[in-house]
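Next come the structures, one after another.
In what follows, chain A forms one complex with chain B and a second complex with chain C.
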Partner chain A sequence: MSKTIILGVIGADCHAVGNKILDRAFSDAGFNVINIGVMCSQEEFINAAIETNADAIIVSSLYGHGEIDCRGLREKCEEAGLKDILLYAGGNLVVGKQDWSEVEKRFKEMGFNRVYPPGTSPEIGIKDLKNDLGL
Partner chain B sequence: MDAALLIDFGSTYTKLTAVDLENEEILATAKDLTTVQTDIMIGFNKAFDKLKEKIDLSNVNFVEKLACSSAAGGLKMIAIGLVPELTAEAAKRAALGAGARILGVYSYELTKHEMDEILSKNPDIILLAGGTDGGNRDCIIHNAKLLAKYIGSVPVVVAGNKNAQEEIEEIFKEAGVYFKITENVMPRLNQINVEPAREVIREIFMEKIVEAKGMKKAESFVRGILMPTPAAVLKAARVLADGTDKEEGIGELIIIDIGGATTDVHSIASGEPSKAGVTLRGLQEPYAKRTVEGDLGMRVSAVSLWEAAGTRRIKKFVPNTPYEIEDRCRYLQANVNFIPEKEEDVEFDEAMGMVATEMAMERHVGIIESVYTPMGIIYSQVGKDLLNVRYLIGTGGVIVHSQNPKKILSAGKFTMESPNYLKPTNPEILIDKTYILSAMGLLAEKYPDKAIRIMKKYIVKA
Partner chain C sequence: MELKNKKWSQEQFFKVREEILNHWPTGKDVNLEDAAEYLKKVPEHKSFPAKLKKAKEEGITLAQPRAGVALVEDHINLLTYLQNEGEADLLPSTIDSYTRQNRYNECEVGLEESRKAGRSMLNGFPAVNHGVEGCRRVFEAVNLPLQARHGTPDARLLSEIIHASGWTSNEGGGISYNIPYAKSVSLEKTILDWQYCDRLAGLYEEMGISLNREPFGPLTGTLVPPSVSNAVAIIEGLLAAEQGVRNLTLGYGQCGNLVQDVAAMRALEEQANEYFKMYGYDVYLTTVFHQWMGGFPQDESKAFGVISWGSATAALAGATKVIVKTPHEAVGIPTKEANAAGIKATKQTLNLLRGQRLPMSKELEEEIKLIKAETKCILDKVFEVGNGDLAVGAVKAFELGILDIPFAPSKYNAGKILPARDNNGAVRILEFGNIPFTKEIKDFHRSLLEARAKVENREVGFQMVVDDIYAVGKGFLVGRPNL
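Showing the complex of A and B:
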């Protein structure tokens, strides 16, 4: 059975275009994409992952508040019994022009497995995911 | 003359409706107290005698005798899912739409303690869901095992992850559980699929529950107890709104049924956002949706209505009442057969009806919220947008017997005081004057065209 991923835009962010592009790209790559759409809370990502027995949660954020919105997601996943689930994040995750390596470090400390800067092509994420899932 | 006898074995009254099938007219209605403690046919026969006084039965040939029932507590169910907001909620909605009273909703892996609680509630049917198709299997299998161990003879409807079905089938077969498997109530995330589960619940209701509630005798007289009464009302609502191949329906509608114990709201409407730029959130809503407010009722639930609404909210509708609100509600709850005659009593009942309508509608309709984001204000909608629904139909004792049904039902309309609730803005208010909705739901099982035409004739403007 193909691997299931939860895809969505977190927080009060309503950028739908990138979300649709990612949906298409990951679906074409053979993943079972559960797209929960825009403006999703952490709880919605987690609930979706529980019901669908997902292998990864892929969070997008474009409006610059991604860091605040993503904080605590890993802890809540632990709490919900989603022990080994992969967490990816990408987009304009932080406000202003910040040093990417710093941003990446902060997200990794927050428990994210992979973090992507603005302008990353979906193919890179797909390749990493296949790697991480041993496909 | 060919006629149909439609019977509603209600929790309090057994109501009969005789319909002339050729001329599509109501011949007569009659009611008497339901006698479920002794023999349900005693009350039926009394009501039938009253019917005979109204019409000459010598040239009436009842070609159909159909019944629905909410006697002996109606259909009591437990819903079990995985995540509370997702499959557990979907399971609850499926059970409500099948006309059940929900005794409890459980989520995640059940504990032994919860299992004891379920058993102590004495449900008629348990609906077991959990996991989308291809999704989580562990939880529903854990719960199936626990049910198999303790549940005894209570029928179980399995409507969860299709990839867990076969294993559950084995578990239940081995334990001798009576069960039926049907399609998942939530095959994909946020997409709900309640109809197949509703259908199976109804089958079990007809096969097993009717018997368990001592209505076997009635079954031999009527063609069969087809469904729980609330399911019959929902069925009537649906054919009236949608129409059939031959007969046009009247379009999207809401039915408010204010009873002594509960206030039911049925909506037949897609509920899509009516304004541009609104994002929909949360679980998809059923097109035919039923909600039940167990704490809003005119008699049995009068005190809980006061508790839920508060004194000031009731007072708003009846500012000059001589009664102390709380005392009066306690009095009505203690005297469930009280029929208001004096003006102040009528006024008080109307106020309670308005509060029940207002609150039941608030809980049924969708809510719109404005979210402030760096890009400006965004509107997000949870639930059904019923702003443009054309008809608001009232039924239930307080409505049918009221001089002012329009006033009571108007409390269910959209107001600027609480603009977040997506209630209908300017619906035409109709009244089920002859109290035929549940009867028409039964008739619609076999004669949908006739049922629609009769409803169009007898459900009138307030």
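Showing the complex of A and C:
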């Protein structure tokens, strides 16, 4: 059975190029991709996940506000009944060049299962997702 | 209000203005007479139009970084560092993404958190929240012309505040700050809102104060064919001129092939001037070249290679100014040191090439001719579907896919065209959507892409496009298989 993922760019971020490439890469890998596009609120991610009974939410952020935008997403998912849904985040998640292990730690503490630095190839996320979903 | 390419009446403008200045509390501090007095005292070396004119006459290319942080003091430190250590010729204030969406409440949160965290939690300077008082403090602390650079679909209040603060240039336009920067804002609305910003600049112009306006040339910055961005630049230039703007900088983002890039810049300047003349506008035109806007290599030395290549092209094309990238481009917003390093690498290259231009050759001549012919195909059709009205035509042209920008997030963009590089790295079109090119032009693009496919021993297709998007980050211009 094909697994469903919610793909989108969070906050006031309008970076669309990577979003279009991820859409294609995850679709080609056999996932049912619900792409909600750029500039999405946490609620839009959650509503899309509820409507489609999704297995994972994949959040992109390229513009540096990711830390503010992603905060509280895990708690909101739980309130909405999305218990244990996989949360991935990737991109230029914070303002400026910061130590990656610190950034990763901060996002994991926020409840993200996997966190990816800039320039990660889509294949890596696909491989991890297949692992995490036991495919 | 009905959208038309017609200069707004005083009544129309001031009616909207009353509402705009109430969008956020700092709006009440904007006073047109006081602002005019303040702007009249701006010395020549801090005026954008004056500095651009001098550079154009001397045939030199100025270097301008992008930069902006949340707090006024930190922003002043950043800009003075780029001025003194980075040797920038022109200064920016890059505006944060919440302000760009008019989410001033969220800026307040970002400001508060920045103070607490001791680092900027916003990706730019929230000029509306800081108001005229904060923006003037920035202007008075620096010694160079200052410009707002952003990506704001509705920049009316922002424009009021920055001009009233002595910032003599504003970047943006009704198309270029919508289609690449918004998802669901209608073009009618952004063109109207940018007519307001242009009319504001026009109003100051009529009071004897010269302000510069700069439509955003590179659009999505991702394999945008030169004729597509040139057509948008000329449309936005004409729309601005109608509202009374007299000092314009039109721009183009580096694609990477030297001949095509130089051709695009020459075609843009020549063709824009032809259109201004044809429609009876008296405009002082300068040009801006954007260093590579796509993905960058992570390695800082490699990034300097990309930066220097853009600088060389800007110089050889005779651009009036160049917008500078930094060695941190691949990882996000740069430190002030990295930003200054980018400017210094740029200026070194510009200085070495000062006075040199790429000489005319058969290839350059052919490329200029091609870009102009394509641009004319698009513009003719835009005027046609608008029944002669350029603003109406622009909206319809996007609906019909006559104007179509690759990889744009807006739902008002058809997104049907697909670009890819030819064997020499020049950007061509693989799928034309409804771009109104002649069959001859389309066949020519196709033949160039077929020639590349043959060399790479594969079919012309989407994979080429993906490979091209990643290529520069991996160190090459053309995305060959197995890079």
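What we mean here is this: the second predicted complex is superposed on the first by the 135 of 135 C-alpha atoms of A that agree within 3 Å, B and C clash if a C-alpha of one lies under 4 Å from a C-alpha of the other, contacts with A are read in each partner's own complex, and residues count from 1 in each chain.
The definition used in the following text is that a residue touches a chain if its C-beta (ideal position, glycine included) is under 8 Å from a C-beta of that chain, and two chains touch if they have at least 3 such contacts.
Just so it is clear, the model here is predicted, and its values are computed rather than measured.
**Student:** Applying the document's definition of touch, where does A:Ile68 land relative to chain B and chain C: first, second, both, or neither?
**Tutor:** Second partner only.
**Student:** Considering only touches as defined above, state whether A:Pro118 meets chain B (first), chain C (second), both or neither.
**Tutor:** Only chain C; A:Pro118 stays clear of chain B.
**Student:** Tell me the contact category for A:Asn47 with respect to chain B and chain C: first, second, both or neither.
**Tutor:** first
**Student:** With the two structures laid over each other on chain A, which partner does A:Lys20 touch: chain B (first), chain C (second), both, or neither?
**Tutor:** Second partner only, chain C.
**Student:** By the touch definition at the top of the document, which applies to A:Met39: first (chain B), second (chain C), both, or neither?
**Tutor:** A:Met39 sits against chain B and chain C alike.
**Student:** Examine A:Lys83 and indicate which partner it touches, taking first as chain B and second as chain C; both and neither are also allowed.
**Tutor:** It touches nothing on chain B or chain C.
**Student:** Contacts for A:Asn92 in the overlay, against chain B (first) and chain C (second): which applies, first, second, both or neither?
**Tutor:** second
**Student:** Determine where on chain A the residues touched by chain B overlap those touched by chain C, and list them.
**Tutor:** Dual-contact residues (chain A): 12-14, 37-39, 63-65.
**Student:** Residue numbers of chain B touching chain A in their complex, please.
**Tutor:** Touch residues, chain B against chain A: 82-83, 85-87, 130-132, 134-137, 186, 188-190, 279, 281, 371-375, 378, 380.
**Student:** Which residues of chain A touch chain B in the complex?
**Tutor:** Where chain A meets chain B, its residues are 1, 4, 12-14, 32, 34, 36-39, 43, 47-48, 50-54, 63-65.
**Student:** Can you list the residues on chain A that touch chain C in the complex?
**Tutor:** 11-17, 19-21, 24, 37-39, 62-65, 67-68, 92, 94-97, 118-119
**Student:** Write out the stretch or stretches of chain C touching chain A in their complex.
**Tutor:** 97-98, 100-101, 103, 106, 109-110, 113, 119-123, 151, 180-183, 220, 222, 295, 298, 328, 330-335, 338, 407-409, 462, 466, 469, 473
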